[in-house]
Structures are given as structure tokens and as C-alpha cells.
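You will see subunit A twice below: alongside subunit B first, and alongside subunit C after that.
The block that comes next holds the complex of A and B.
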């Protein structure tokens, strides 16, 4: 799976391309671990280029959510395709992870939550 | 005198050249043997397996260098060979390389220096080659062991699951196939004093860890089902144990857990992020959607309990996502066809499962990427 990484102010936007399946879960975790090591704390996973996600893929998204929030950061997913959105809905992952309709909405959500975390 | 660097065999009919090379290489830490003829060299190679490199002249009586290379390789030996040529014999040197020599050297005034460099280079390459062969052998051995382990695990897993169920007052149809010998799907039925419990679960992924968690879950639900009657209490207790076990791995369990109160004909359902469950009551099909999150993420999670009549003649159809996510060549999923198939197919549960299996196999060309489980239960 290919990753594009963009910066929007202090939010890292991670844009993976391909199928988020068992063979790709370690690469997603590794990308997020590297970002945390570099002290990035606000991460938006733009899923607009994920065509298919299996249960291992969802597990890896849950794991990186815990990684980021466990490090005191803020994490969200954005721009889910229909199939991926359905997996989030059925498993109720959308109640565990912040999900935004678009990348822009995701960025705004993270910025608002960051202010909340800082008590501003 | 050092001999730790290896034993070399110099083959040359010119004793002056042999002795000169032996002196150089001996001084460099090698043990050097010599032979004047090809046949003598072959005999020494056969008798002395410690010879780790041959340096041979090209022009020799009885058996020339090319013939010697051929004979060595024909014997099955892959001992490295360096050949020595005159200035005008480059084409012969190339022919020797094609026959299986590893390097060639020109016999000139620089031979004192070039011979040690060449020997070291060829020995190093040979060492790497041997190490690679060893690594490949180790890898093949590990793969064989892994395959054996997976086959054993597959058999153990198959024995854990109730492939045939004998439930009085019910007919059942079952199909279970892990995508990769072992898998994370499981299902069960349990008769207690006042009720019957049905469950189907799917651990995320289909790795060895999924199979391990599946085995634990199977035992855990059997134990919980024996001591509790309420599906919500059972699912809540299982979730707390799974959260402790899976920690922050992200792994999870989707589960549909049902209890049937036989006296009141009421089916109580808790679905933890599982695919819809279908309940046929006469001519109606009830689609029972997920009633809460998957298990293993949050110990404080909660679920809704839904109740449905489950009278004699009703059929319950449970499955895992391997059924609905099977894709055809146009990348369409079987899910869109499932309800139509369920309405159309007639017959007892085992026929329902067999026909559905045939239809989904035709749909996806027999290519299943996920574990596949179907479990149909008809109340008589």
C-alpha cells in the first residue's frame, strides 16, 4: 500500500492507497508509530483511496487510534468509501473513532478537539 | 604455519609454477597440495574432501584444464576452480568459465599479487554461496515445520467445532471452511435446562493468533452458556475477558448470540457487530441487524437485546462475512443476492446450506478470500 503524507498546520494527513487487508496492517501501524516517534500528535487518516478493508484492516485502524490517543494525541478518519463506511457502521467502530465525511471536515474536527484537549 | 584458511589444490605440470604458487599461498595462510596431472587431481579431490579450491593450468598433457573442469563438475563437486592462462588464451579462459570455472588468472609478472586476491575473492563467494544454501535449507525446514503445525492446528480446530449437531426438536445445516487451513470463525449450539443457545462468531483476521483466540472463545462461550441464561450477561462477560486478552492489538470478535426460551418460544438476540441474522417465520424473513459494537475493544460496551417469536417451523440462518464478501469477476459481492437466494431455496437446513454453497461458489468461481461458515437451524 502506498502512503501520501501531507501537513495541514499541525495535523498530519495520512492518505493510504489500496486495500487495507491483513498483509497491510503492519505498514499502517508502522507509519503511525514513526509519526508518533517524531512527536506528531494530530493524525487524520484519509480513507478516500481505500477500496476495500477487511476485519484485520479495521483492527489496525482501531490499534492506531489507541496508539495516537494513548500518546495524548487526536485521531480521526475521513472520507470513507461506501464499503468501508458499512464495516465501520456494522461493527460500531464509528462510535469508537471520530469519522468525518471529508478531509476538510476531519481537519476541522481534529482542530476543535485539540483546542478542547488543551482546555482552550 | 597457518592452515586455518583452507586447503587448496594447485594443478600444473610445470613444477616451478606449482611450487611458486604454493609458496605464495602457503605464506598467506593456506595449506597447499599439488598435482601434476588431471587424473591425479581428481583422485586427490575424491580422497580429500577438505580441499576447498582448485587452481589449475589450462595446458597439461593427458587431461587439459577444460577436461579437468568438466570431470570435476561431472563428479557432482562444486568446489571453486580458478584457471591459469597465458596472455593469448582469453577465449580459452572464457570457455573455461562457461564450463564451470569460477575465475581465471593470466600468468604474468603480477601473478604473485593477483593469485591471493583471486583466491580470497572466490573463497568468499563460495562461502556466501554455502551460507545461502544453508539459509535456504533452514527456511525450507522451517516452512515444512510450519506447514505441519498448521495441518495439526487445522485438525485440532476442526475437532473443536460441532460439525454435526444432534439437537432434539431441531434440524441443522452446517458448512465451515477456514480460508487458510486455520481460521477465526466458530459456531456452537448448547442445550441447557430451560433454553437452547445458538452462536456464531468471527475473530478478525485469519492468522494463527486468530485461530488461538477462536479456540479460547469457543471454550469461553461453552462455559458461560452453562452458567448463564441471559445473552446480554453472557456477551458482556465475554467482552470483558476479551478486552483483557486482546488489549490494544485492535483484534476483535463479531458475534451473534441467541437464546431460545423453549417454553415461551421467544428468541433473544444480541448481535455484536455481526452480519445480519435471518429468521424465517412462515412467509416472512426478519433481518436482525447488529445491536451493538464488536467484542474486545471496550470493557464498558453495552448491547441491545431483541426478541422474536421462534415457533416450530421457523428457521434461523447464521453466517460469517466470508459468504457475503465473496466477489465475482466484476468485483461485486454476493451480499446483494443473499436474500433473494434465501427466499428462493426450499428444503431442510442442510439443503439450504448446500445450495447456498453451490451458488456462492459459482458466483465467485470458487475463490474465497475469507473463512466461510454457514449455520442454519430449523425448529421442528
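The block that comes next holds the complex of A and C.
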């Protein structure tokens, strides 16, 4: 799985490309673990280039959400393709993880939640 | 349309599931045409059944039998190994538990939600998952 990383102020935008499936799940976790080690706490997963995701892939997104929030950070997913969105909806994962329609909306969501966490 | 079939047999490995899924995507595109949602549904469900065969049955090989006509697309996922625990399976399908789940346990739930019918059978020391999606809708 290929990744692109962008920075938008304090938010790291992770843009994986390909299929988020059982054969690739460790890759996502390992990228986020490295970001947390480097003290990044606001992570947006832009899923616009994920063509297909299975339950293992969803499990890895749930794990990453837990990692980031467990470290006191803020995590969101954005720009889900139709099939990926359906997996979120059917499993109700969209009730556990913040999901934004676009990368820009995701960035705004994270910035607002960061201010809330800081009590501002 | 006359019934068409495709049989794939592969070493139990997630990388091979990726290849089998790609073949299935071609078939579902052919079956469902512009109805990409139904095509995607059965592909995802079959992917979960194949993952399950690789991860949980201890089987060294997985066989996938696909058959389709103008009424229905069926995907049978066959693996050897001990039988799937039907009680655990039913427990996994309890909808009220879905929000309590963390990183796993969504596979069977997804299968049920995404196909029109599914069956599980243990026969001749083989686990057989049978998934059906109507094509003539």
C-alpha cells in the first residue's frame, strides 16, 4: 500500500492508496504508530484513494482511531468512496469514528475538536 | 443467459484472496452492469468468506466456485479444517452488539447484510459458505 502524507497546520493528513484489506492492514497501523511516536496527535485519514475495504481493513481503522484517541489525540476519516462508506454504515462504524465528506471538512472537524479538547 | 461458472483454488493466503477478489470483481461487473452497489455487495461478502477461510479454518487451500445466470450469482467458498462454530456465528450476528465491537468481528455481520441469502454447511470435513445475490432485479 502506498501513502502520501500532507501537513495542514498541526494536522497530519494520511492518504493511503489501494485496497485496505487483510493483506495490508499492518501497514496502516504501523504508519500511525510512527506518527504517534513522533508526537503527532491530530490525524486525518483521507480515504479518497481507497478503492476497496474489508472487515480487516475496517478493524485497522478502528485500531488506529483507538491509538490516536488513547494518546490524547484527535482522529477522523474523510472522503470515503461509496463502497467504503457502505462498510462504515452497515457496521455502524460511522457512529464510533468521526467521518467527514471531504478532506477540507475533516480538517475543520479536527481543528474544532482540538480546540474543544484544549477547553478553548 | 446460460449459466456460466468459474472455479478457483488457491493456497490459503490473504494475497491470494486479493487475486481471487479481482477475478470476482470482473464477474460481478458483468452480472450487475450499472448496479455497482449490488456488484460491490457480493464481492465484499465473498471477500469476507475467503478471509474467514484463510484466517480461521486452518485450511491450507481455499476453493471458490462461482456460478451466474440471469437470475442469480452464487459464490461457494470451501475450505477444509474443523467445522465453524455455529453458536459463535449466531452470537456474532447479534445486531445489538455491533456498537460494542472494537477491532474485529464484523466479517459475518457484513456477509449477512450484503447478500440476499447465505448458508453454511459442514460436509465431508469441509466448511462450505454459500452466498447468493439476485441478478435479475
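Throughout what follows, the second predicted complex is superposed on the first by the 120 of 120 C-alpha atoms of A that agree within 3 Å, B and C clash if a C-alpha of one lies under 4 Å from a C-alpha of the other, contacts with A are read in each partner's own complex, and residues count from 1 in each chain.
Here is the rule we go by: contacts are C-beta pairs under 8 Å (C-beta built on N, C-alpha and C of every residue); 3 or more make two chains touch, one makes a residue touch a chain.
No experiment lies behind these values; they were computed from the predicted model shown.
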item: Simultaneous placement of subunit C and subunit B on subunit A, clash or fit; value: clash
item: Which superposed partner A:23 touches (first subunit B, second subunit C, both, neither); value: second
item: Contacts of A:70 with subunit B and subunit C, given as first, second, both or neither; value: first
item: Partner chain(s) touched by A:4 [first = subunit B, second = subunit C, both, neither]; value: neither
item: Contacts of A:34 with subunit B and subunit C, given as first, second, both or neither; value: neither
item: Partner chain(s) touched by A:59 [first = subunit B, second = subunit C, both, neither]; value: both
item: Partner chain in contact with A:82 - subunit B first, subunit C second, else both or neither; value: second
item: Contacts of A:91 with subunit B and subunit C, given as first, second, both or neither; value: both
item: Touched partner set for A:116, first subunit B, second subunit C, both or neither; value: neither
item: Touching both subunit C and subunit B, counted on subunit A across the two superposed complexes; value: 22, 54-56, 58-60, 62-63, 66, 90-92, 95-96
item: Parts of subunit C lying in touch with subunit A, wherever the complex brings them together; value: 14-15, 17-18, 21, 36-37, 40-41, 43-44, 47-48, 51, 54-55, 98-99, 101-104, 106-107, 109-110, 113-114
item: Of subunit A, residues touching subunit B in the complex; value: 22, 25, 54-56, 58-64, 66-67, 70, 90-93, 95-96
item: Sites on subunit B touched by subunit A in the complex; value: 202, 204-207, 248-252, 254, 273-275, 289-290, 292-294, 297-298, 321, 325, 369-370
item: Of all residues in subunit A, those that touch subunit C in their complex; value: 19, 21-23, 52, 54-56, 58-60, 62-63, 66, 82-83, 86-87, 90-92, 95-96
